[in-house]
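Shared between the two complexes below is subunit A, which pairs with subunit B and subunit C, respectively.
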Partner chain A sequence: MKRRTLLAASAAALALATGGAFADGHAKTKVGFIYVGSIGDGGWNYEHNEARKKVQEHFGDKVETFFQERVPEGADAERAITQMALQGADLIFTTSFGYMDPTNAVAAKFPDVKFEHATGYKREHPNVSTYSARFYEGRAVIGHIAGKMTKTNKIGYIASFPIPEVIRGINSAYLHAKKVNPDVEFNIVWVFTWEDAAKEADAAKALIDQGVDVLMQHTDTTAPMLKAEEAGIMAFGQASDMISAGPTAQLTSIIDDWAPYYIARTQAVIDGTWESKDTWDGIEPGMVAFADMSDRIPEDVRAEATQMIEDIKTGAYKPFTGPINKQDGSVWLKEGETAADFGDDGLAGMSFYVEGLTAEIPN
Partner chain B sequence: MDLSAISPTLLLASLMVAATPIILAATGELIVEKSGVLNLGVEGMMIVGAICGFAIAVESGSPTLGFIAAATGGALLSLIFGFLTQVLLSNQVATGLALTLFGLGLSSMLGQSYVGIRPPATEKLDIPFLSDIPFIGPILFNQDIIVYVTLALVIGTWAVLKFTRAGLILRAVGENHDAAHALGYKVVRVRLMAIAFGGACAGLGGAYLSLVRVPQWTEGMTAGAGWIALAIVVFGAWRPFRVLLGAYLFGGVTVLQLNLQAAGVAIPVEYLSMSPYLITIAVLVIMSSGKAKAALSAPGCLGRIFHASS
Partner chain C sequence: MIALEKRPEPSKLWSWATPILAVIATMIAGGLMFAALGKDPVESIRTIFWDPIFGEFAFYYRGQLLIKAGPLILIAIGLSLGFRAGIWNIGAEGQYIIGAICGAAVGLAFYPWDSFIVFPLMILAGALGGFLWAMIPGILRVKFNTNEILVSLLLVYVAEFILASMALGALKNPDGAGFPGSRNFRSYPAAYNEEIITGTGMHWGVVAAFIAVIFAYVLLARHLMGFQIKLAGQAPRAARFGGVNPSRLILFCLGISGALAGLAGLFEVSGPAGQISIDFNVGYGFTAIIVAFLGRLHPIGILLAGLLLALTYIGGEAAQSSLGLPAAAIQAFQGMLLFFLLAVDVLTNFRIRFGKREVA
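And now, the complex of A and B:
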């Protein structure tokens, strides 16, 4: 047998033996993850990485996962994603809003690699999917608790960037706090970063100095929770259970559980059934979950919150149900009307505050 | 909008906290640059100080030991820079940048097992009577001890540079290393000591972040504070009190914009957020031209390599 035919034969044998459907003949399915911050933030990136570990655990030897953390949003992201594709990834999860254009740009160059972009809406190529969680469902629940718990009627909100996801969260929390406590006021601070512990701590400090007694955050580190604990006020964790940072302060926490989705999508790639789609799951399939509710929450409030979670799960209650006016007083949703996901004034592109919020959204 | 919600007292008190890490790092760098060395590794030394301080404070339960470890860690790291630039005569700009990258990587490696832990609390120094003075009391006399150490350090630096023989030698080495060498001063030794001092100060600044201001460890938590410190040294024209002023200005803008937002004032946040960095860039650009450098009274031999034979 000539050497060349031997090589070809063994390559074919290998492909047969492993059942590998990959063009370059590698056996394991390689799944890459791009994180915007560090996996030790105790929040957003931590949960994505926990889900990655569960993917690895679930598939064992069949799958190889790897990740790159602290990849800045913007031009550098394109380089990092490209590099991951060149390393032979079959499936790449890009887990921050700012990776939207870079993901699509790289996807155009690697048609055989599947891309999954979190919290975005652009699927320009058949190998790009988008996925996100309906965090606003969780925010509705914590808004309700916050409205009941605040004594000063001032709730602090540390926001990251003025993108629809964050604005939705503020609106949802505000509407539900206002519903149970008409005097409630939201003090919102935009820090223009996802992860900067010092800045988040300073923002928390500024809000606490001004008399807020309940703190919500839409940034990634546990710094605001630590500051709340230090000052003896109440706070809600974000993305992950932050109980170790705020054993007394944390009332509950919205937890993002990405593992079921990541496992399902990896399975789809292995089976060859993967196709481009948009996934937007909430409390019902478990993508949005809650940490244990603190004993500080009175029994009746806890029961109401639990009921709300149930109702959102069954679909009996939608957090954005009219009548709701926009900040300028114009009608957004009429009595009984629920918000559409897409289209004009849909949830996906929400860029306005609801009536009652006094601040302005920065550009 | 409710401006009355902003308490000037609390605002000034948090301003001092926000400025402290930068003052520490900038004062250290001021001494380094006064000796004629440009160490761009401040960010790296700060973050290594942050994790060293955090780790030791957690392990020992003593914030004081943590701060000592942070200073030691920063100084040791800076001596790598010192060895490369003073003994092996490598390029200071490149070596300094490399030190920053190295520090960032080293700190995240060291910090792996310290994520999500709370450090022991650094006690506030509540000076009796004085802290009860209205307005001034809470600002000046109810801070943690590092704030006072920092202020003492600035005053000390100023006094040493202005009044002591050691300060004179340091400045001589920085202004003209050949002349200082001819007079018999050990240029390399003086510079190494200055570099170590700078590293220790940067380390303290980093530990202040991880032990007091936040307090927790997250990777890359200095988030550019080292670069701000570098710019403030130039901004302050290598004078300790101007550096202090610059750091307060920077801390002030940071804290003020957060407070204004919290009070619901519609301000262009994005511009305020970027303003300290814009000023930094502007100052660095001005500094890079030779004439302006002289006008700003930069040390004469700043960034130049010294070799006794040349």
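And now, the complex of A and C:
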């Protein structure tokens, strides 16, 4: 409590010394980005950084962006975020789940700086917003394609951490693969990391040895895609277009396009209209997009996938529509019922598998 | 001709001068690297070494320096005792994790009981957790003569899986909407490792680190156990004849390094980190090995080495965001520091002779 006032006081003193806070005009709006991995990962962090570049491009001289990569979650994150606030950032995007508490802690000390935390749920202060994408909509589409394309009926899934976002993705992909191919099986490997090319490659190899012929990943590097290419099987890219890693293997890729959101939020700070809110956008506004579909996907399957994308976009189809049972056989969604975002058994906190998945969620 | 001649005794002067020489060499080589990356080398070096201590935001960074150095020093002090005796505990990272879990579990079990006794109990549990985790390689070594390097290292991976399991299961925040991670100790004052003097970064873990430095100094300089540790490392046979009980020494060294690593974990989880999360550990247990050797296994040396390494971390981060230096360049810079330290170490043990080698 006391430290908070001290820091705030120092920050205020600083603001005075440097000629007043942003509102009375330092020329450029400063926007900071904190990444959990390296910007060269070809996936999650790469896309966030691409979006940062687009912000820079869009606003030109009016905005200055800066970033820090490979920031561990926890105490180091708090320092990195504080550092950006001290360096005069007006808006800071913290782009990993584990930055949730540090982001809120720093936000308490810098009430004039706006904070945007990706994939979390805590907005403890009026200067914190949260945002995420409905990646599971993309998973539904690739699940459908995978169910149609697999010959061995075994689909490999490289998962990072058993958090709701990842579990939701597995459920969505599985339900849609199963719908078009009742014999399909999912082999899931948990690597407990977001970015570790060696571990991801090992997991891919283990899955290929188990006879999977389609590979999905929820980790950040292109290592699984490279393994799939090497083994001559099919795979889906994650977070970014991974076609250069798997020119033959990649069927399509779920792309996270953060640029429109980042530009809109930066604009809001410039205009002084920024407000704390929660954003959870999907395919419709373009936060979730797809790489070009491979020619290996037959014409009819491609048409079905395109139709599904269209239906999700218009809201005609919701990926989690009943009847769906939980893994233990109990009813989750009744016929025609769609999943709620929040609340008990809502999508946001999803911590169970759907019926048919044979593995257990590790804990 | 330049020849190296082994000194009869390691040079006292050079053993203190080489670290300074290494830092200077790192600044030069690092400056060249930053220049090659198109950054102003002088400004880069100043951002890393000068600004955190004397720059505009030093009021914030000085405290952060202690926060970062505290666990490194605490762990490295424990490790240095074993390393001196030839007992290699490589798994401090695992003991750090288990200490954090045990301490946090005790704290969370008492939630929301507001009593002064909670935090001391957590400290005990943290030390005990690290101690017991280190006893596994210790007892296996004493009873079955297993290799403590391998056993302690592999137990790190076991500890990481236990950590993930705790964050997702037993210690998960019941009010966390299904997301992993424990309650945050910030919101539980009785268990929160608050800074003792606000704004200084001085939390109980830093205090413990300073106390550990003093105790290790006294132990090594004045106490019989310290003598036995040094003897066992320098002359194992003589130590055995001199009445040193090797089993007791192994258990002592592993136990104390485990307990200190466990303490470091507890102070971190209840303070700067604030909660048990899946990837709570960030490698302090491994970096502490570097700190121990950088400090020449000497308590004062470790204190300085811990602060220096913390400075390169914090200054390096600042350089990343303010100058746009890539993270990899900062890591290469830290690597250079260690490389030069080992390289100039040769001056401690050898003397350079110019001219022809004498024929015997």
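The rule is simple: the second predicted complex is superposed on the first by the 339 of 363 C-alpha atoms of A that agree within 3 Å, B and C clash if a C-alpha of one lies under 4 Å from a C-alpha of the other, contacts with A are read in each partner's own complex, and residues count from 1 in each chain.
Here, contacts are C-beta pairs under 8 Å (C-beta built on N, C-alpha and C of every residue); 3 or more make two chains touch, one makes a residue touch a chain.
Please read all numbers here as calculations on a predicted model, not as lab measurements.
On the shared subunit subunit A, the superposed partners subunit B and subunit C overlap sterically. In the superposition on chain A, contact of A:Ala348 is made with subunit C only, not with subunit B. Judged by the touch definition given at the top, the superposed model places A:Arg70 against both subunit B and subunit C.
By the touch criterion defined above, A:Phe192 reaches both subunit B and subunit C.
Contact with both subunit B and subunit C is seen for A:Ser38 once the two complexes are overlaid on the shared chain. When the two structures are aligned on the shared chain, A:Glu360 is found in touch with subunit B, with no touch to subunit C.
Of the two partner chains placed by superposition, only subunit C is touched by A:Glu78; subunit B is not. In the superposition on chain A, A:Gly156 makes contact with subunit B only, while subunit C stays out of contact range. Of the two partner chains placed by the overlay, only subunit C lies in contact with A:Gly98; subunit B stays clear of it.
Of the two partner chains placed by superposition, A:Val184 touches none, neither subunit B nor subunit C. Only one of the stretches 1-9, 181-189 or 307-315 in subunit C has C-alpha atoms clashing with subunit B after the fit on chain A, and that stretch is 1-9. In the three-chain superposition model, subunit A touches both subunit B and subunit C at residues 38, 69-70, 192-193, 362-363. The touching residues of subunit B, counted against subunit A in their complex, run 1, 5-7, 10-11, 14, 17-18, 21, 108, 111-112, 115-118, 209, 213-223, 225, 254-255, 258-259, 261-264, 266, 268-270, 273.
Taken in their complex, subunit A has these residues touching subunit C: 2-3, 6-7, 10, 14, 32, 38, 66-76, 78-80, 82-84, 86-87, 97-98, 101, 105, 120-121, 161-164, 192-193, 348-351, 362-363. Interface of subunit A with subunit B (complex): residues 38, 40-42, 69-70, 156, 187-193, 195-199, 201-203, 205-207, 209-212, 221-223, 226, 244-245, 358-360, 362-363. Per the touch definition, subunit C reaches subunit A in the complex via residues 56-57, 59-60, 64, 67, 160-161, 164-165, 168-169, 177-181, 184, 186, 195, 198-199, 268, 272-275, 277-280, 282, 314, 317-318, 320-322, 324, 326-328.
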